[in-house]
Structure formats: C-alpha cells, structure tokens
Amino acid sequence: MPDASPIKWHLAHTSWFFETFVLEAHAPRLRPFHPMFRVLFNSYYNGVGDKHPRPQRGLLTRPSMAQVWAYRAHVDAAVAALAHADIDHEAVARLIELGLQHEQQHQELMLTDIKHLLAQNPLCPAYFEGMEAAGIAMEPAGPAQVDATSLWLRLDGGLVEIGRGGDGLSFDNGRPRHRHHLVPFSMARQLVSQRDYLAFVEAGGYAQAQLWLSEGWDWAAREQIAHPLHWGRDARGQWQEYTLAGWQPLNLDRPVLHVSLYEADAYARWAKARLPTEFEWEWAASQPQQGGLSQLHGHAWQWTSSSYAPYPGYQCPGGALGEYNAKFMVNQYVLRGSSFATPEGHARGTYRNFFPASARWQFSGIRLAR
Amino acid sequence: MPDASPIKWHLAHTSWFFETFVLEAHAPRLRPFHPMFRVLFNSYYNGVGDKHPRPQRGLLTRPSMAQVWAYRAHVDAAVAALAHADIDHEAVARLIELGLQHEQQHQELMLTDIKHLLAQNPLCPAYFEGMEAAGIAMEPAGPAQVDATSLWLRLDGGLVEIGRGGDGLSFDNGRPRHRHHLVPFSMARQLVSQRDYLAFVEAGGYAQAQLWLSEGWDWAAREQIAHPLHWGRDARGQWQEYTLAGWQPLNLDRPVLHVSLYEADAYARWAKARLPTEFEWEWAASQPQQGGLSQLHGHAWQWTSSSYAPYPGYQCPGGALGEYNAKFMVNQYVLRGSSFATPEGHARGTYRNFFPASARWQFSGIRLAR
Amino acid sequence: MPDASPIKWHLAHTSWFFETFVLEAHAPRLRPFHPMFRVLFNSYYNGVGDKHPRPQRGLLTRPSMAQVWAYRAHVDAAVAALAHADIDHEAVARLIELGLQHEQQHQELMLTDIKHLLAQNPLCPAYFEGMEAAGIAMEPAGPAQVDATSLWLRLDGGLVEIGRGGDGLSFDNGRPRHRHHLVPFSMARQLVSQRDYLAFVEAGGYAQAQLWLSEGWDWAAREQIAHPLHWGRDARGQWQEYTLAGWQPLNLDRPVLHVSLYEADAYARWAKARLPTEFEWEWAASQPQQGGLSQLHGHAWQWTSSSYAPYPGYQCPGGALGEYNAKFMVNQYVLRGSSFATPEGHARGTYRNFFPASARWQFSGIRLAR
Amino acid sequence: MPDASPIKWHLAHTSWFFETFVLEAHAPRLRPFHPMFRVLFNSYYNGVGDKHPRPQRGLLTRPSMAQVWAYRAHVDAAVAALAHADIDHEAVARLIELGLQHEQQHQELMLTDIKHLLAQNPLCPAYFEGMEAAGIAMEPAGPAQVDATSLWLRLDGGLVEIGRGGDGLSFDNGRPRHRHHLVPFSMARQLVSQRDYLAFVEAGGYAQAQLWLSEGWDWAAREQIAHPLHWGRDARGQWQEYTLAGWQPLNLDRPVLHVSLYEADAYARWAKARLPTEFEWEWAASQPQQGGLSQLHGHAWQWTSSSYAPYPGYQCPGGALGEYNAKFMVNQYVLRGSSFATPEGHARGTYRNFFPASARWQFSGIRLAR
C-alpha cells in the first residue's frame, strides 16, 4: 500500500520534524544526527530538500530500529535542553506544540497503517491481545441510546461563524474565523452503523449505478469493491470484520468504518439523504449538547461533501512549514470529528482532517444530513 | 487522448440525445433508427443502458459518415414532426431547449478536440484557412485597453445571491438561487495574458516546488510539462503557439489558454494573488460594467478554486437526465465565463463549466483574485 | 489495439518503403513527395530517422486518403521510370523484389487488422459480403480427408539441412543454409481443428495451471482469456466465431485460428504432445508429399517452440535495410507455413514469420509434434 | 523491486521446500509446522496450492525472524530423523540433494537481493565489512594473465554432445544428453572487463540505435538506462561501482557485471562479435583447459543468445516438482558458467541458469563469440 509507512519510519519522521523545525532554527550549532536522515525521513517538504519516495519506505532495512531509537533520544535531549537556552521561548513553544500535534496525527496513522498491514497477512495476526484490557480502545464503541422519534436534529442556519479565532493553537488551515451563510438543514444525531450499512450492501447498493458518483462507480468496478475495507465473509457466508484484535463477527451496533467518500456518498443517496458540508458539521457540532448530536468525537472521522480549500482570508505561513497544509488543497475532501484512535486532547470542533475520495484505510465513517 | 472524440461521434451523439430524451418519451411509436446506436453514442448515461467505452470511439470505422448524416436527418425530421403531435408541448420545448444547449456544448468540444488532434500530427495542418475570413474566430482577441492605474476591481462582498432563479432555462447545477457570504475581495479586471504567463515560464516558475500544489508538482514532473499545451519553441528558440490556423508566433496580447488548474494556481501564487472562488466570480461579473471587469465572456474559460459541488437545496432531476450533471460532483473544478469558441447565446453569468484539475485541452485561462 | 494500423497507413507505408529504399538510392535527384512522410510512414527503421509512434497512427486524419493515393501514384511512376535509367538494374531489381515481398506481408496484415478492428465494433459489421463470391477466401478451408489410422508422420531426423541457399530471393533471416541435427520425431499430418480445440476448452483447459507456461498462466488471468480471440457464445450459449463475413456458428472442421503461443503450448501439453521446433517443421515440410503432411500452406501460420534467432553464419545486411529482421531477434517466436490470407507466391518452406508469444490477432494455428 | 525477496523469506522458503517435497511425502504423519506457511512460502508451485504474491513478500512483518528460525530447526530435525526411518532412502536422498541444490541457488539470490536492496538506500550501507577478510568474496576477481596474441579460441564444432547423461545429479532441464551440430566458431578466452565495457559506454554505445535489439532500445529509453546497474559517477564525474563493500572506484580489471541481455547483445555488436549460443558455450567449456578458456566459473554468469527451451527428448517430472523448471521455458534466456557468489560445488559445465532479457540484478556478465 503506497500510502502506508512502516512504524520505524513514523518514529523517525516525527523525530525529524522536531530536528528540522525546532532544532535547526533554535539550536543552530547542533550538528544533524545523520546528514542523510534529512532526506530519508522527510515526508513531503520540498522546501527542506530532497525526499525519499514514499512507496520505497518499506525497503529501508537501515537504519536499524536501534539507530532510530538513538535518533529519537538525541532529539528529545536536544529539545529538552532548549529550556535553559537564551531563545524566544514563546516562539519555540509554538513550534513544539505543532510538533506534538503532528506526532499525535502519526499516532493515529500508525494504527491505521498497522491494521492495513496485518490485514494483508494470510496469518491474520491480531495486533496485541492485551491492549484492550489495558484500556486502549481497539475499535469504536457502540451507540449511545437514541430516542427513535428524534433521529434528526433540525437547525436554522443563517449567517454563522466558522473556524478558529483567538490565540489558542490550531493548524493554519482552520483559520481565520469567518462568516458563512447556511440554509436550514438537518443532521443525523448518530453515525451510520454497521447495521445500517449492511442493509445497503444487501440491498445491492454496490450494483446500482444511479446511486454513485461517476468516478466512484468506475473506482469500485476497477478495484472490485463491494463492501467496506476489512469486511469479509467466512466459509459459512457470515459477515466478519478484521479488527486490531483479529477477525471478529461484524458488530452491527458500531459505526461503519473504512469507507471511501464514494461509498459514503452512495450510501447517503440510497438513504434519501446527503453528506453534510463541513460548515454544516461545524455549526451543528457547536450547538449546546443536550438534545444535540452524539458520536461527534472518539468514534469515526466523518466524511463531508466539502473539498479541502482555504478559508477566506487564509494566510499560508512562510517557509517549509507553509507546506504543511496548503499544498494539499486540491482533490481532497474534508473529514470532521475524530476517531476512537485519535489521541486524547487532539480532537477539536474546528479540526479539518482531509483525504482523497478513494481513501479507506483510515477510520472514516458517515454522518448524514438533509 | 482518451478525453477527445471524433467529429463523427459528436454529430451522432447530439442526435442520440434528441432521440433518447425527446423522441423516446414523446414519440413512443417511432422505432429507433438503429438498435445499437443507443450503445454506440451514449456518452455516460448509465440509466440508458450500456455504453461504448470512450477511448475506443476512434476505432469506429462504421457507421460511416453518410450513415451518421442519415441518422441526423431522421432525428431532425421526427423532432420537427412533433410540432403537430398531440403532446405536452411545453414539456417537449424544455427538453428540446436542453438538447440545443447540449449541442452547443459539443460545438465547442469539437473545436477543442480538433485542435488537440491536429496538434498531434507531424504535418501540423491548419484546421481551415478560410475560417477566420468567414468571421469565425480561431483564437481569442487581444485585450481591451486598460487603465493601468486600475488593474483591480475592489468589491465589498457581504451577503449576496448566487445561482439562477425564476423560470428561464438553466442546467440544474446552476440552481437554486441562494445566499452566500463573501468577505471583501479584489478581482483582476483582465485575464492573464500570454505576456504575463511567459514571464512566469521564463522566471522558472515550473521549477519552483513551493509555488505548486503537491499534486500539481507531481503531475508536471510525470507529464514533463513546462509550458501551456500548444506552446513550443521553433528551431531558433522563439516561442510559437499552435492555433487552429496552424503554428504562429506567440501572440503576447491574447489571454493565455490551455492551462490546467495546477498551472493556474501556481501562476497565481507566483503573482502574489490567488484564484477566485466561483462565488466571487459570479458576484463580480454581475456588477454594472462601467468600470467593471472586462473579458468576462468570449475569450477563455476561467478556472476558479471551487470544487464542483451541489448548491444548497439542489434538486437532482429524476431518471437518466439526472445523470447529466450531478454524478460528476467530485474531483472536478468549476470554470466560469466562456471562450471565443462558445456558441453565441450559450454564455451566462451563472453558468458552471467543470473539468478535472489536470485538463488543458479546453480553452481554459486565468483571472486572478486577491 | 496498439499493434494494428489503419489501412491508409499500410498503403502509405508500403509506398514509403519503395521511396526510401529504391528511389532515394537510385533516383537521388527525385525530391521526396512530402518531407514529413519520412517520419509519418516509417514503421521502425531507426536508421532512417525519427518515426511516428505506432499507437498514434489511428489519430492521423491528415494526410487524407486522396493524398495517400497521390503519394502512391507518384512512387509507382518514379519506380516505373527507373526501367529506362542508367543504373544497376540487377541491384534495383533485388530491392524492388524485396519491396514487393514487404507489400505482400502488409496485404495479409491489412486483413488481420481489419478483422480485429471490425470485431471491436458493437455493430459487428462484415468486411465485404461479396468477397468470397469473388473468389477471395475469407477463412481457411476445412481439412482434407485423413486416414485416421495414420494421424502422425514419423521422421528419422539425423543431420539435415535447414534454410535457404542459392541465389533466389529470400529474406536475410532465412539464410544461410546450414546443417542441424534432429532426433527422431513425429509430426501431426493435420492442423489442430476447432473441434479439437473446443474439446480442450470444454475440458477446462484454461483453468488447469499445470498445463500452462507460468507466463502464459499469468497472461490469461490478467487478460481474462478463456478461448481463442474472435470466439464467443450467443445468447443461447452456442459457440460462434467472428469472421470477415461477420459472426457465424463455429465451423468445427476448420483449423483453429487466433491462438497465442501460450495457448498453443497449453493445448499441446493437454493433448500429450508438444509444439515442433522450426527445424522439425521445415524438415518435415520438405519431405515428398505423398503420405506426408497436409495443410502446410494456405490455412494457418503454425506456432513453433523456436525463439526467433539468427541462423549460424547469419549475415545482417548493412544500413537501414539491416533493421528489417535482425533487430527483432529476442522474445519472439517463429511461425511456419502460411495462412489462407497470405498472397499467392509469398509462401515458402523456409519462410520464418515471427510474433511475440502473446500475439493472437494473426491467423495463427497449431500443428503438434511429439 | 518485485523480483527480489527479503532474507527472512529466503530462509523460510528453502525450509518450506524440504517440508513440502521431502517431509510431506516421506514423513506423512508429521504435522505441518504452521498450516499457512504452505501459502506464505510457496514461490511458484501452482501444484502445491495458493501462493502469496511475490511483490507483497516485503510486507510480511509476521512470522517474526525468531519464528522462521524455529521453523527451520523443526524442518532440520525432521529431515535428520528420516535417517532412521523405514523409507526408500535412495529416493529421499535424491530429493534432499535437490533441496540442497535449491538452497544453493537461494544463497546466491540472497546476495543479489541484498546488494540490490542496499543500493536503493540513500545511506549506501556496505553489507558486512569483515566479510572479505573472512574469505568470502564480495566481487569477482580480476583477470588471469592473458597472452594478447591469442584472445580467441578457435573451435571446429561438428556433431557434438550436449547435456548431462548418466546417473549423477542434475536438474531436469540439463537432460537428456543429445547430439547437436555446430559450425566452426571462436570464443573469447576472457570475459568482457569493466575496462572494455567502459569504452563502449564512453563511445556512446547506449545512444546508437543500430547497435540494439529493438526491444532493448525501447527498454533502455523507458528505464533511462545508460550504464550497468550499480555503476554511477561521483561528484567529480569519476566512475564508481556499488559493491557489497559499498561504493568503490570502478575496478577496470574485473569482468563487467549487472548487464541485461539487451546490453550484452549491443556490446557484442559494437565489438564486431556476437553472443555465443549455449551449445557453443558448453562445448567450448568442455575442451581440455590448457590453452583454453579462462573465467568459466566463479566470476560471472554469462549471457547466451539461446532462449531457454527444452532439450530434444526432455522429460518433465510429474507432480509439483515438474513445475521447477519447465514452466519457465518462454521469454527467458540461458546464462552459463557461474559467479563468484555461486556456492562451491554448485557450478557445472552443463548447468543452465536463465533470466528474462531485462534482468540486471544478477551477477551477469559477457563472453563474446564470433
């Protein structure tokens, strides 16, 4: 899978981020740990120089895991030493905070990459059996109880405010706060469950062209896709799902995961609904919660129909950090919320995650609007 | 070029549109001209049944041109005969109007396809030498005179109305008229000229990664793109452009054409500006013209940064006609305005054209915003 | 199909061959008919200069058919005029003979290309209905009567002579005549018929990996191949074949056509036989005919297990003509005999035709050995 | 590189070979070490069942290296225990010998795979610095001294015997011994050196189409190849070679390695010679050595112009073992001799190695004939 990376690479890359953006600027006399690591562990920052091609990351037998841990320790120590240096501590704190946010993103990516990798292995290994016992969620929880008479939350819209303002941390792509006009709309209180999605599968949803975006229809035919990633049937035809704890019977109560935007959109059309825009999502999520939406955070990233684009008045930071977000603003779609694998403290109502319409290896699910 | 089609196919396909959407519904006793034409000349309507793959259209040596003209005459006569039939004339008139709009789209596509095809031919043939004499424009005109003190038009924005309302004809994707909030912005009064764009090329714009969307950078490297389509240098290194009248010295006064969204976006970043949203474009274009924008229509389609998506409250028509627009609403970008090749009467301020970000064989140009 | 060319191209290319190899050398004061035709109609002679890529030949709307006929007339007249010129008539005669042989090859290729092209067309047109009546064979004839007690011809082999000697015309690849040692072997007197091959298909031959070369097995899976090219089943499941006269019920008596080397080899293994080497074929074909092999010529080209390689002592001609044969001597396999579409007088017992192992659009069949 | 495999896979696969072909047949009550290993470590034996796709071998993070070593120990012990079992010891000995030969092949493949993998790594690691000191050759030795007056060995040929006879071990593809007729020819006493090949590179050999097979020319253009694999220039333009000991100045005395058949053939044409057939090679190699050929074994595998095909009278073994050799007999070319990395005792004068014409990651070199 050309989009996934080995764990060793994630660890080295997040260390590289601190070395490049914190230490190079604020500890300029420090020598690089290894001159080639700048290339090896650069993900996509053309401003930093050459980068090693992503599909070849799996071929890096060197440096060894031990060398990468040594790299990590070196960077950690150097960052810690900045506490006593004569530098602009406020500016450094902002960069360190950004580095930590970046690392939190990779913590989730490691789980999606591991899940994808293990699922390819004919041995079907589980990731770590003791993990759930240790309090680490392996999959999203089932739904809160819902009053069936009230599946939809109605909102009036109007001229609302979107995006992050003030001084608190946020990625540049969530700024500036600005006004947006919304016509009245409804949002589903719950995410689409695996039970809901199975009904779509069993009703032949994948075989009805009129439900699909043209590009999605071609994609599903070419990739021979007829159900979410990590679903399968056992020898008796029973639906199973591959989880980080191995293959399990399909848990119908949980939100559906591992669907592309194409699948989310087709499901919505079948359900006589649509996907929300990211503005509708953010506004609805900001309403007082009693009687409001459930499963906003900690279950699944939620596809929106909004392409990933700059907000009005968006300011791209200068230098290599400016490549962090803005250069991806074409042919990607925004997901809102957060998943069960998102590190605590990382989720925000204004957070804009984004992936191509065909991505399915993330913990991506569906919330309907209409 | 898998996106282009032979002229014979265009003629047959526009006839097929009338046969399928007008005659099948309102002249049900009429037999199809040929039972297989339904497949051969269906472009993308899954609701109508199988379709012939687009990249293979060039292989259709049969039916002959004479047979396609006979098909055309048959359809024309049958449509004309409806005038005296006992049918819902108002509903039929709407379908005929849609068929005519569809045919106007193909009139422009024929020119872009012809230009692309002839440009591949080492003989470098001109399309038709007498054409310009006959009053048919072969390329866009140069700029109106501009007061250099006023290159930008400033607009206040606020809560504006976008889209088509009322009863007049429009494609479904331009409806409904709805409110949209705009922050204050400026629009360039003129399109980017070939002189402007040449400066970008000669300043090494294609070699500076930081100017490019990540996907655009990879696209240009993979396709080895370093200037607009249909530009080239002659043996002495002078810039030339391939036009429908053959190769000509690059006309610096004309608007640049045949650029992808990636190139338009990189140019804008280089010029310390950006592309407008389609909403900014439509609002600016609707302002009274004295002192307003020039080159809105009749020169080049103008890339916007807006992905092609449904308007709030969009209603998709039922049946096969519903496939006309909505199924393409992913990974396409909106172009506004119209080109010198757009048939008279086809251009509108609310018209949403759309193509993938990599498309360059259309008459696509650039208007800046900031 | 990137291997096929339009008819207009064949006509121009065979004219180009005379212009380039006869007229340029022996009528040097003659101006080229068109300077770009040298590129457009060069198939693969790097020694002659640039060439137009084969897959784009179908895009050449210019020159028109009328211009190509004019080109042909120009070349014909100039070659005829050489009769009265003060030149080395013997050398010219050899080149003209080569040009005629080359043109005969293209006469057959035109039929295979036409058949392949028309078979793609959903209208399923026949090539020319009156052709067979005019005495032009559209498909190979059925078998001569065979005495079933004697399906195999046994030959002792030993040290035999292979290849063309003497002064008569032959392509360079058939020379020199040389000695080759053969162990005793048997050759099937008849070609494999469609009846024979259908038994293989219906016995599940395409689904038994152990019958196939590894590369052939992967090829059939990738291309989803489960029967010869131009076979199909009608709505009632009856086997049909697409012929130059359109779709017809499968004629079981005719030799099977349109199989790749992979299929021929798998069939042979299933039939507990093997393909002959080209040396076995040539030796067997040279035996006196009474009681010998039938269907040697005029039915189907016959795959051999011999890769296309130079004979011992092979001399490659100098210059561009040297590119005619030798440069293809890798990853191609030799076919012997000739098909029903081979022009009269073109077939020879020492003739070495060659195609890649995956080629099926030629009139290629199977003769077994063991 | 889809042709290369991780070391862990090689170790497991050679163990699997013994488990499958020795233990399953002769210790039937032994349970498989792990039921899925049959799939995971099957390279290409369709007769054994499903196999794991080669390009995905690098993704197998499980089983761990420790598990693979345990697998190896299990298989070793079970094979050793056969010594005391009541079985056909002669038949088992033949299978064990085959397993050992198979393992020797993988010993060399591990070195070629490691070299290829490390060469991709921007860190340019050496394989193991102490290895050469330990007496393990990292690259072929330079040439024996040659009397320059006698670079070519002349041989009369005639009717000679080729292949392996008798009872000794050999792979099936080297049998049976049979007669072959050779016309008189000459063989170069030495392999082509890096000095020789550099002259070809610097004379522009890669840019002269007339030297190349057509398919080779296209291959070199597509892959942008202009020198052997693992050659490069340093910052000052000096030629270097990547060896298992890291980057080194190009050793001009050593035989050239890592060339494809296409390159070997083009070099030969440039040197006004040709590649030998495998029959010429075997016959020349069998001549008494004083005054004969040097560098036959222990330096580089030597490309021949012979496609890999069955010998007359070849008998393919039944069952899965029959897939070992015969199924690759198309579009592969024979290499003779052996390289410096071939395990001692593995090289034989009748040994037929084979690879596709484009393969370069093996230790493949050139011996000329004429």
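Labels A, B, C and D are assigned to the chains in the order they are written; within every chain, residues are numbered from 1.
Please note the rule applied: contacts are C-beta pairs under 8 Å (C-beta built on N, C-alpha and C of every residue); 3 or more make two chains touch, one makes a residue touch a chain.
Just so we're clear, the structure is a prediction, and the values are computed from it rather than from any experiment.
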Seminar exercise, completed: Note: chains that touch subunit C and subunit D both are none
Exercise. Measuring from the mean C-alpha position of subunit A to the mean C-alpha position of subunit B, what distance in angstrom results?
Worked result: 35
Exercise. Which whole number of Å gives the spacing of the CA centres of subunit B and subunit D?
Worked result: 57
Problem set entry | Centre distance in Å when subunit A and subunit D are each reduced to the mean of their C-alpha atoms | 46
For this session: Just spell out which pairs of chains touch, all of them.
Result: A-B, A-D, B-C, C-D
Exercise. If you look only at subunit C, which of its residues touch subunit B in the complex?
Worked result: 34, 36, 39-40, 52, 56, 58-63, 117-118, 120-123, 125
Seminar exercise, completed: Interface with subunit D, subunit C side, in the complex: residues 44, 46-47, 159, 178-183, 185, 209-210, 212-217, 261-262, 265, 274, 305-307, 309-310, 312-313, 322-323, 327-331, 333, 357
